[in-house]
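Got some structures for you, see below.
Two complexes, one shared chain (chain A), two partners (chain B, chain C).
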Partner chain A sequence: MKIDRRSFISLGVGVVAGTTLTPVPWKLMDDISIWTQNWPWTPVPKEGADTYKTSVCTLCPGGCGIQVRKIMDRAVKIDGLPEHPINRGTLCPLGLSGLQFLYGPSRVKAPMKRVGKRGEGKWQEISWDEAVSAVTKKLKELREKEKPHSVAWVAGTDKGTVPRLIGRFLTAYGSPNFIRPPSVHDAYELAVYLMQGQEGAVGFDIENADHVLSFGTGLLQGWGAPVRMLNIYGEQHDSRKIVQIETRLSDTAAKADQWVPINPGTEGALALGIAHVMIKESLYDQSFINQSVFGFEDWTDDHGTRHIGFKTLVREDYSPETVAEKTGVPKATIEKLARRFARADKPIAISGRGEGLLPGSLSECMAVHSLNALVGNINKPGGVSVTSEPEYAKWPEVNIDMTASRGMQQPRVDGAGGSKYPNARYLLHRLPEVINSAKGESPVQALFVSDANPLYTLPNTKATKAAFDRIPFLVSFSSFMDETASHSDYILPNHVFLERYEDVPTPSASVQPIIGLAKPVVRPVYNTRHVGDVVLQVAKSLGSFVEKAFPWKDYQGYLKSALKDYWDQLEEKGFVKVKNAKDFPWANRFNTATGKFEFYPSARNQPSKNDKKALPNFSPVPIEGKPEQYPLVLMPYDAMRLTSGDVGNPPFMTKTIDDTVLKGQTVFVEINPATARKIGASEGERATVATPRGRAKVRLHLFEGIAPGVIAMPKGFGHTAYSKYLAGKGVNFNDLIGPISDPLSGLNTAWGIRAKIDRA
Partner chain B sequence: MKEEHGDKHTKRYGMVIDLDKCTGCGACMVACYAENNVPFKKDETDKLDSLNWIRIFQLTNGKPYPDTEICYLPMPCQHCDGIGKHGHPPCVSVCPAIATDYDDSTGVVSQIPTRCFGCRYCMAACPYHARKFNWWDPVWPADTKKYLNPNVSTRMRGVVEKCTLCFHRYQQARDKAYLEGREEIYESEYQPACAQACPTNAITFGDLNNPDHAVFKLKNSPRAFRLLERLHTNPKVYYLSSKTWVRRAGDNYLENESRPKSNRQKIHS
Partner chain C sequence: MNTNDQQQPVSDTASPGTGDASGKGKNGSGWIILLFFVIGLIGSLAGGWLFFPDLLYSEKQQPIDFNHKLHMGVVYEGCQSCHYFREDGSFSGIPDLYSCSGCHQYPQGTNPEEKKFIEEYVRPNKAVPWLVYSEQPDCVFFSHAAHVKGADMKCQTCHGKMGQTTHARPYQENRLTGYSRDIWGYNIARLGEPKYGLRMKMNDCAECHKKRTGHKGACFQCHQ
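Let's look at the complex of A and B:
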């Protein structure tokens, strides 16, 4: 048959009409969709007996009580424990995501040994015996070389039995280098030590306070025990006022009764301006100032030298006019702030920025704490007090050998407690600089990291990485494949908090002493081991004096012996409120040379010749970068939906993040519309942020709540490790900033850096 | 059945969310994901295909620095009663598969994923964007399947899902009450996951018809308002705010239109 044009067209039309009208393709498509929907991709969770187990969350220093719902041997939900005094049945998004840490995709499932290059991601699974003997071998070798002090251990906290066990191990071994990551409490503790002579954690009795004057503290963004703070806020007592002094309209500022915008970095000046008004108008607590303080009035020392007091300093240098000019806060506002603060019944002033992972400036902390002294609200209910940790961990003294003794006498590798920074206890941020500037071999020959992730959390990531590359032996105890773990030589994975015993000491910034006990809620999911047990095993294999320092069979035995009387109650309820009178902070007395609260700290090791420098004063922290080259100021901000510390953000929390904070893999930088107009930028535009330390690709979010000339970026993105649910999203703020050591304390004070925006 | 609405024995479960207390921490969202087997993907920043039964929105008064104010607004399904409280929420009226229905005994607008065939008519009808479509089959990586809640079915690709006010918790509470020989369940026995988790107690949940429940009083507060009230959807989710601009943001007003006419005008803020 000849196919002409006519028959070709009619054939074509016939085919089209035929396939359209026949039910076959439609039936097939329908079948395929039904069939594929029946593929067993969506799991049907198994039913079973329903039980609840109580424990304590250790994902942050808040120590909330939790109850874990279990179906047979599976943990299916974490809820708050109603009777726990910190969280009273509620919980934060991080605690609620807890099971994603237990069952999630970033866990290290067995001890591992690196086989490729560092950070290449090539691992070999090894047995626990091999892991322990590899660590022991290295430690033995360093001791034989008489270099036990070249070992350092970075632990997430210095409170509780696990850090004490590690500290005890280091002492017996011969290393003074127990280091914990920095926190805002370093500055508080130091300020309080200098001014009150008391050592210990600082507690803020906000429950009983009626006026909280916060100098940029992220009270509702994860500071202290986050759920405690949110609980207090939710009570909404009309009598309690929160005043937030901050450059950016943060969540805390948005919820405060009053938001006082301020020029970045001038918080200390405002505190002293407020002090000026209080003194000038005689609004301070006369009886406290007259009887219990030193250095308020001018005074003469034993040599007959005149010294000026706090009163004179503040009256001369910090008049509201001067302060208004520095801070950008109007004179009338400063006066109002002072009067309201002074007239409140139980006012508290708090310093420290954001969530509190940055120590901040010591002089700023002292300036703010002076306000607490002016209202005499120290070591009182509803005030600021020094709390002592409940003393439950008392063990026999450690006997050490000559090698250990010589090692212990060496200066700490981070310089804390040395001649330059005599008052600091830990200066982790200095470690990279110390290692990178060392000639010859690295002063740290072996580094152990537990419950910390310094390769992510330390400022100037590049320098930190270079320093870590110079350390020949790097061991991580992380349960997760975090940045530090993925860059180490061995990973000896710890149980996650739902699989292990661990005591949880008094929640951060809280006044009431509470001991919590995290308990194994489920059996370990993978081949992991408690870090405490690993320490004991390593000590045993090292033998002699080190072994003798640890008369316990395992960590649980050690913990039980430490908690003694509390154990049964902790096992049953999960927490104990310590009701020992001496633990209540208001029984404490000032322990300074004068026995008083000292505006002029006489205990400071190197007394300054200049009185104005010795008293609480405003010495602005310089930030990096030249204004001509970098016209803007870049600041980080903390948010409740994004963790910025050693714990990586879980997928659930990343899911809650707004599309004006993260879009795709790119993070937004907040910029005031007026600033954006100047550079011609619009909402959502892609750009590059450059600082003296680095560059990053970002998008711009126009936000009226950020001061003109300032840009802000969330902390907690830019991970390179963990799983695909976190890695590669946004930028790590630490890539863009370097540390700035406080000349007084050595603590890192870098709150921001100069920056510019290049439009893409 | 419909006449029962005025009957005091009929329950009308609902929520009062105090925006003055909400700090936008996100605990309600995460509690909901964990309770209701809501899955997660690598990228959740496209909010059109991100599954959320409750989502927190950020409102702003739009004023320049430093007079700017922001307010967080958590938004679950509003569980509308419909015009005249006849149990005809916008979504129920349009569903061709009876996959979503109005429960006359509790006022809960249900969603039955196995009945849904994914036409998404309900999503078009819902003025609150409270409904989400499963564009993908859910994936639970590593061992995360282990934490799935057996009381809530996992959903497959091609169906619509939304907040159920944790109806499975109501069923459990009702069973418990029945076993104990009680007719009524206590207020504290049935609380959705979001209300239970909220660290500032901004979310109060209970029977809006029951004078003994906290929500009964709160919903009559001069601070109370509902979203898009002029549509007469009659939501059972109430919001409280002491700020006029926030209450005004609850509906679409023309620039020069007078303030919402109701008792809310009485307070200043």
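Let's look at the complex of A and C:
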């Protein structure tokens, strides 16, 4: 016998054959797969008891109810709160990514003082006492110089107790300059104030409407309460038609029942063209128009002067032929749109572009809102209603001293409420221009910023930065190292929404007034402090009248006193539906001088005697740039997977962005294939977009859904701060555009800018 | 290459059917090759079936030798006395130290295990690191309420006669995964009646669901 190589091969074959007949490979395969799931570096929450805490998400104005799952002290998951009327248990990608704001790398971990040059990124950690006394010192100094009005505060919202606390502080201190960032609700609030005499936010009862005519509103791109809109789209059925009028085939348009492409910036004209058809064919609500409106028919004023009414204006100037020429929407389509809208049972017309961060033109908003009046669907179920803010407990009046009184009598630094723009309340976009054009020292000597990021969100970033550089004292209360925080002198970091108490009044665009309560779900992760508490502490250290305006020990005590009647229910459930909300107490009743819905707003301060200017009309917003030099029109677009406001996009969401929107660090600009052919460009090509305001390196994405001659770009990229997960990706649209003030309202109306593409 | 002929018959009888070996049988190495094959085969079969299971699992003792039977004798509500449902319907699982120390603040008897429990865990207020026989990975969502309350199942059905044990049996831990041997089952081939309660791999869930509800269930019922 001879044992050779072949014997061992045979042994091996035997072992292999035998092994396959044993559990070894099969069991090991199973075990190894489980083993790979338990690698020590895989993030797995610690073992421990789990609990759920309810709260409210404050990452957008939607105010969704959330429940946060915790393992011991660590929050591990955010879900929708099933009983919350806005989101009904569901949640958007931003809300689901909420924990990345709590535990993410861009947080400011303690109060900081700048030690290097502005924006250099050199910081020194200081104590809260030092931070508060630094702020107090500056504020005292400005009061001693009799300049309390040179203090301005930019707060994320003007609703709820924190902005009221800040407003009260500014009043007691002597500054009229409480400013909040712009939104489409500015235009709407102004429109309903002028036309209905009602003050409050505008709500749209889309759930009960059967026809929604949206003039470019990003219903599915973050408008209003995004989760509510996702749910409405999800439940879309035959009985509710959504018609999207928009230049670009947006997500909203793609998922609508009908998409009507339109020339950019001509939405107001189309609204009036539709009104023309409705009036001509007597398709409007006769009883509402006959009894409850003013300025529809021609009329004579007390001095015997004849004025034309809305009917005459529309019939004379906005025939379908004229409108078709302006808007590019065929005459037949305009007629069809009008008939379908008028014949619907509960039709709603909505104005405002994208997710609603641009106020837009007041006359456009009024033109669109006129359609709601023509069908008489105002302040009714399934219609457009004005919802007043829920009433909180009354606080003692503020007693102010002479310095504060003199300061409060000064005009607002942004010009809102002044002689030029008497009806506007806040005009943040004008601030850079006001500061940059001021001779001598800046009219703003100290700027405080909370829940806002103006250095990123304001149009014309370069000018904003230049203006901020002229402000000697800049304090940010941001929880994150955002653009404004990284450019400020002091950062006094606020808790993030999962660490703090805060009331969240009525979600954006909701009909039902709701108060939500954000509650601390976890103990503060870092050495942060509630901005409300900081305000109270600064007030206390300022002493005298300012101190006396605040009889509360801390923010929580103040919040409790403000929400007195609701507090117990809020603590338990997390939200309160305010009573009588569904009764529509204002149906067909208006607070205008005539007691009617006014097509011709009598409250408006009339600079011109021209009736056609006073009525809802179409006056095109002139966009910047000469067509010869810049042959294209650049428009921004919003997307559900990309935040464009003061909240930076979380990494989870950035991961979901298509590589036709962002590839590597470069953002894509959408261009129609026909336009691309003209300049000889192809898909994915690198190019430079130039506008009168700036240049940016981009890639081109050929897209049939964008009109020829128009290019579009997402908003929300181009951050320079936060963390490496966000900074340096793409371009900030605000680098490429400047503001354009509406001549009527002063609000920013810049929906686009002329541009050109230089091929790389 | 021509070698001794006497090996020819051996090779023939040993493997009349193996063409390769008998074909080259003239050289006499065929049966050796076969022998080695058989050694490999039998060796690996024996290794895989007899020794592999013992190699795969390490044996650990529970920190305290708990006597379930003794406790069952003194509580009023059976298993639920200690393994109860919370008000919100969630299941408490293994009792925490607080539940035990209610009675065992001081020794109730003379059992050395009880003494050890009080000295090592109750006094220093330290949670007992019990080894859980039915522990599932994090990706598995299991609701006791759905089974015990919803489907009216008994604890024994899945966990066996745990309540009648007088000693805590050794915990066999899979060296690779860290989970208990109970999950796969003591019989490595997963044949026959399980030794302690039901096996708890995913297929076991599916099989039982198929039998009782007519459907195996969907992925996201458990992998939420």
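We adopt the following convention: the second predicted complex is superposed on the first by the 704 of 760 C-alpha atoms of A that agree within 3 Å, B and C clash if a C-alpha of one lies under 4 Å from a C-alpha of the other, contacts with A are read in each partner's own complex, and residues count from 1 in each chain.
Here, a contact is a pair of C-beta atoms (placed from the backbone, for glycine too) under 8 Å apart; a residue touches a chain by one contact, two chains touch by 3 or more.
Remember, predicted model here, so these are calculated numbers, not experimental data.
A.B. asks: Going by the touch definition up top, name the partner, chain B or chain C, that contacts more of chain A.
C.D. replies: B
A.B. asks: What is the contact status of A:76 with respect to chain B (first) and chain C (second): first, second, both, or neither?
C.D. replies: A:76: touches chain B, not chain C.
A.B. asks: State whether A:32 touches chain B only (first), chain C only (second), both chains, or neither.
C.D. replies: second
A.B. asks: Quick check for you: in the superposed arrangement, does A:2 touch first (chain B), second (chain C), both or neither?
C.D. replies: Touch status of A:2: second partner only.
A.B. asks: When the two structures are overlaid on chain A, which partner does A:610 contact: first (chain B), second (chain C), both, or neither?
C.D. replies: Neither partner.
A.B. asks: Just checking: does A:255 make contact with chain B only, chain C only, both, or neither of them? Give me first, second, both or neither.
C.D. replies: Only chain B is touched by A:255; chain C is not.
A.B. asks: Looking at A:11, would you say it contacts chain B, chain C, both, or neither? Reply first, second, both or neither.
C.D. replies: A:11 sits against chain C, while chain B stays out of touch.
A.B. asks: For A:103 in the superposed arrangement: first (chain B), second (chain C), both or neither?
C.D. replies: In the superposition, A:103 contacts chain B only.
A.B. asks: Have a look at where A:437 lands relative to chain B and chain C in the superposition and call it first, second, both or neither.
C.D. replies: After superposition on chain A, A:437 lies in contact with neither partner.
A.B. asks: Name the contact category of A:300: first (chain B only), second (chain C only), both, or neither.
C.D. replies: neither
A.B. asks: Which chain A residues come up in both lists, the one for chain B and the one for chain C?
C.D. replies: 37, 44-45
A.B. asks: What does chain A use to touch chain C in their complex?
C.D. replies: Residues 1-4, 6-8, 10-19, 21-24, 27-28, 30-32, 34-35, 37-38, 44-45, 50.
A.B. asks: Touching residues of chain C toward chain A in the complex: what are they?
C.D. replies: 7, 28-29, 32-45, 47-49, 52-53, 56, 90, 137-139, 174, 176-179, 184, 188-189
A.B. asks: Report the residues of chain B in contact with chain A in the complex, numbered from low to high.
C.D. replies: Spelled out, the residues of chain B in touch with chain A are 20-21, 23-27, 29-31, 33-35, 37, 40, 42-47, 50, 52, 56, 58, 60, 62-66, 68-72, 137-150, 153-158, 193, 196-202.
A.B. asks: Quick one: in the complex, what on chain A touches chain B?
C.D. replies: Residues of chain A touching chain B: 33, 37, 41-48, 71, 74-80, 87, 89-93, 96-97, 99-100, 102-105, 107, 220, 226-227, 230-231, 233-234, 236, 249, 251-252, 254-255, 259, 261, 525, 640-641, 651-660, 662-665, 672-674, 704-708, 723-725.
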